[in-house]
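When the chains are written out, they are named A, B, C, D and E in that same order, and each has its own residue count from 1.
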């Protein structure tokens, strides 16, 4: 019984919103279709786009772009972050540069990205890269800097050299924080891919939203938004599950699952 | 991708680019390109017929296309004359190789709003694609001829094309000066009412052109020629079979709307595959406005500087 | 094999915010094979600092430290250290923690495994070999840390309040187990504690240090045979001697 | 001496980048002006835009929009977050709704924002709101849920009622985490205002970038980006300084300054 | 005024994961005015649970608890609680922490100030009134917590291993200060500890509890006049009695 009412509460919020939405559009026509189409229309459009495969093609392209950009970001940011966290002088050189570039929103890079990387995959990847890079970098620096000094000392007492300390202590100890940075970076990358796809790119969910909006198909716009939301949710969930598995030695994280 | 035999036989090797990158906008101003790139009735497209292998990308504004042309990522683009002048100002390698059309814009208000002539828009908001666009210049011209002050009496608001009809409908702007087919669409959806067409404001004003760079012309003249030939054939088709043309343009691949809308919309666009004197005179006028009224360029550019019609004259 | 540890006139000065602070002053000390020495002293008197210098974790400001005829200048697996706090690597299981030092010695996996097994058995954690530190109690963690240090077969075991964070019962049990292991392995042990009972229960000699700057105040030999009974009169007598000596030093601190 | 070399390192990174930039553009002309104008041109443009005041007008508009959107977000998110963190049943109802809406990037809302709020201030505020809302909400929930249970028990042993526990224990204890959420939210809001201003808004730094880009003035685009970066930096810095002052009772934060 | 605390046949059962666990079983107990009672018992025997029930933080499963003729069913400022861990409000200065309970009583600021001053003086923290908890040592924090509880003038002070996290020296000093305060204020005190020495030093009566489920095993009265000397023979005798009793219970635990 308590269980049932729990489930009921959990869906009630979503149901209520859908109901209000349907009432205000499909039933009472408070909004023009172009401003807010009824949920039934949106779901039908979603279904038909799923059936003819176009939804999956677009989602697939977005996913590909985000993964590539994310990969490049991780491959550049993690070694750089380790170096900056471990060696203060490197950090001194790069910190000011990073401090100035970091607050520039990825969206503001779109213009230059197009100029520098051209249209298509490369500039989308660059934008995802810009978005994902800083969270990964900063968390890596943070993780490396805040490794428990005592663990490092322990390794030294066993006669470990710097390289072994880095490899066997600093990296594993920092890994959960680096991973968190990657998760955040992935979220921002997902945001950037949408922005990138709104400009000069074929396929992709962002492009789908843009075209829907250019052609006044508000239902397509909402299907695009919903798909982006659900995929973002799924990606985050996968990261979480994987993180709980990889870092099962960490009490903190594994507790959060329960 | 060997050149097709229909091309003039010659002993010197053809200067063709393997894949030509094309940038375009989502508007039926680009109809000739849409038609040239479509396999009509399952046959080769015109572009294929002339041996072109293309890679196409749609943009949401002319300046974006010009930026990419200057940056070398787009080889041939279709864009309005004013952005080309602005681009030439920064990068004198861009060239117009021929015209696409004249006219094709319009001013619409919400149906039943009671707004009937331009002077009714005093104290109101008008949406345009943004400063420096043809539509913006049209609004300026209207202000001048009606003794209104642009910006004060009439507030011009930048608005992306996807918002035009919705914004008029919702009342966030009182009117939109936009390009086709959105003017016609607004009308046919029962939302908008057209009060002025661009041919009534600046009759025969130039609009889109085909743009490339000096380097492209020198390196791959045969690719440009092939594109111009296909362009010419497409313009002919629009003239000879407007019904068919509207059908192609409204297909899912391009405008994705009703053929009837396109049929009506394209009536207001004068396509021409080679610029006439009216078009060129219009260019001179825009060039003057951009320098003298808007101070957006360093000087008034002449048609000889920006146009290179040698190729279109040679097809 | 003369691997005795000799601490000769060692002192240590820290500088923080431009002010100099003498933490350890002219300490000399010798630790012979299989000797169990405890150090007690008021808080902040430099006990940890002394241990860290012997371990090579901290350079000396004056004097020198020798192992046999080798001067100690940096850390090495010859000198094992067990810290007060839980310092297991949380991402390694008990087994992998114990193998840590052996990996650094580049032993082949089978051999690592064999040696680790021996010490894990010795501290009675066979059943927890695949557990992660967060799944262990405080006492089990410290036993793992001790096994990890013993596994590299050091000449001496430096222990800085290893049982300080444990509750009284667990502490008593671990003390007994440590003595057991010590008797089996015959290591030198230098053991810092705040707890006088602990020192009396464990040590051959108890070193009482003065308040800062830490000097050796007194060295008390305890000849009571092991196992010692905590409530015995003789044990209590030694305990009272040390307590009194320590009390004087703590008094000094509060007079400041 | 050590001090001097420290300063030297700190500026060397930035100087190096500017030098490379100038060499590759102004000196060796490796890039077209339109792709990458030389830094001297960018600085001159910045100077002239500062002198004629247009830079400040644009920056001021962006700031106003971001502050308003941020304020609305904080005013809605904090009470909602407290309720959701404190009462599990409210949380059950809203959690699923939030989970679906949250991953939709603020940029994807632009189309609907324009339809719903029209052009101008309101839609920019809405976009900033969408961006800033979730970090504030989630941190508030988190902060309230993770208040040390013992502190709450202490208050109860003094005979405190629920209202006093909320007011005198839960809110102060959660405040540093809520504040962090506000800081993150402000950062994202700043990102969103740029996106909003790129569409259908007059004035503002985003608008400046867009118009620069429409008029092929790459120097103006870069001035816009630089200004956004510097202002973002300044805002973050102000938040940090203020936070260190407000939460000086917190060891963790005040340590980070040093 | 008969505000004696009476615990009558109290028991407590927890349910976790469907399994029932008896934590406290049929405990009866009376605490008279100005009496200082210590509870010792093996870990997990229900000492904290018993205290929490008396404080009204946890409902009883059976039996009842009375203060005078009022049944205790919820928390109240009449019953003060001092926890083991540092439970000061970190965002409040020492002064504001001590005023916390007074604010809840809606006293006017001047009066709060006056009362707070008195107790801050009593625990010797005048100079730290405007310090935040993170600026204090562990001992100073616990003194503040005690002052905060005393400030609301409770009938009884329940203390759950209040000095458990402190080092030995600080602990000794605080024990003496607590006795001082207790003699001035004549409060009832119920004090849980793991440390038998501490119990012997402080209590009028020491209650030894059995291993789980916690029952009262033995109550030992200590008539040694205060101040007691930790190393005295008589003190040691009592200590050994309690240790033996406790040892039996700990043995039971490891036999399980």
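In this text, contacts are C-beta pairs under 8 Å (C-beta built on N, C-alpha and C of every residue); 3 or more make two chains touch, one makes a residue touch a chain.
Predicted model, so just to flag it, every value in this text is computed and none were measured.
Trainee: On the document's contact criterion, could you list the chains that touch chain A and likewise touch chain E?
Mentor: The common neighbours are C, D.
Trainee: Max contacts between which two chains?
Mentor: Of all chain pairs, the one joined by the most C-beta contacts is A-D.
Trainee: On a C-alpha centroid basis, what's the spacing between chain C and chain E, in Å?
Mentor: 34
Trainee: Could you state the distance in Å from the CA-based centre of chain B to that of chain E?
Mentor: Chain centres of chain B and chain E, defined by C-alpha means, are spaced 85 Å apart.
Trainee: For chain B and chain D, what's the span in angstrom between their mean Cα positions?
Mentor: 39
Trainee: Got the chain B residues that touch at least 2 other chains?
Mentor: Residues 64, 67, 71, 160, 162-163, 166, 170 of chain B each touch two or more of the other chains.
Trainee: Residues of chain E that contact two or more other chains, please.
Mentor: Not one residue in chain E touches at least two other chains.
Trainee: Any chance you could list the residues of chain D touching two or more other chains?
Mentor: If we look for residues of chain D contacting two or more partner chains, we find 34-35, 111, 115, 213, 218.
Trainee: Would you mind giving me the full set of chain pairs in touch?
Mentor: Between chains, contact exists in these pairs: A-B, A-C, A-D, B-D, C-E, D-E.
Trainee: What part of chain A is in contact with chain C in the complex they form?
Mentor: Against chain C, the touching part of chain A is residues 148, 150-151, 153-160, 164, 168-169, 172-173, 175, 247-251.
Trainee: Which bits of chain E are touching chain C when the two form their complex?
Mentor: 42-43, 167-169, 173, 194-195, 230-231, 236, 239-240, 243, 250
Trainee: With touch defined as at the start, can you tell me which chain C residues reach chain A in the complex?
Mentor: Against chain A, the touching part of chain C is residues 55, 57, 75-77, 79-81, 83, 85, 87, 89-92, 100-101, 103-104, 132-134, 149, 152.
Trainee: Can you name the residues of chain B that touch chain D in the complex?
Mentor: Contacts found on chain B: 61, 63-64, 66-67, 70-71, 83, 86-87, 89-91, 127, 130-133, 157-160, 162-163, 166-167, 170-173, 296.
Trainee: Which stretch or stretches of chain A touch chain B in the complex?
Mentor: So the residues of chain A in touch with chain B come to 32, 34-35, 111, 114-116, 118-120, 198-202, 210-211, 213-216.
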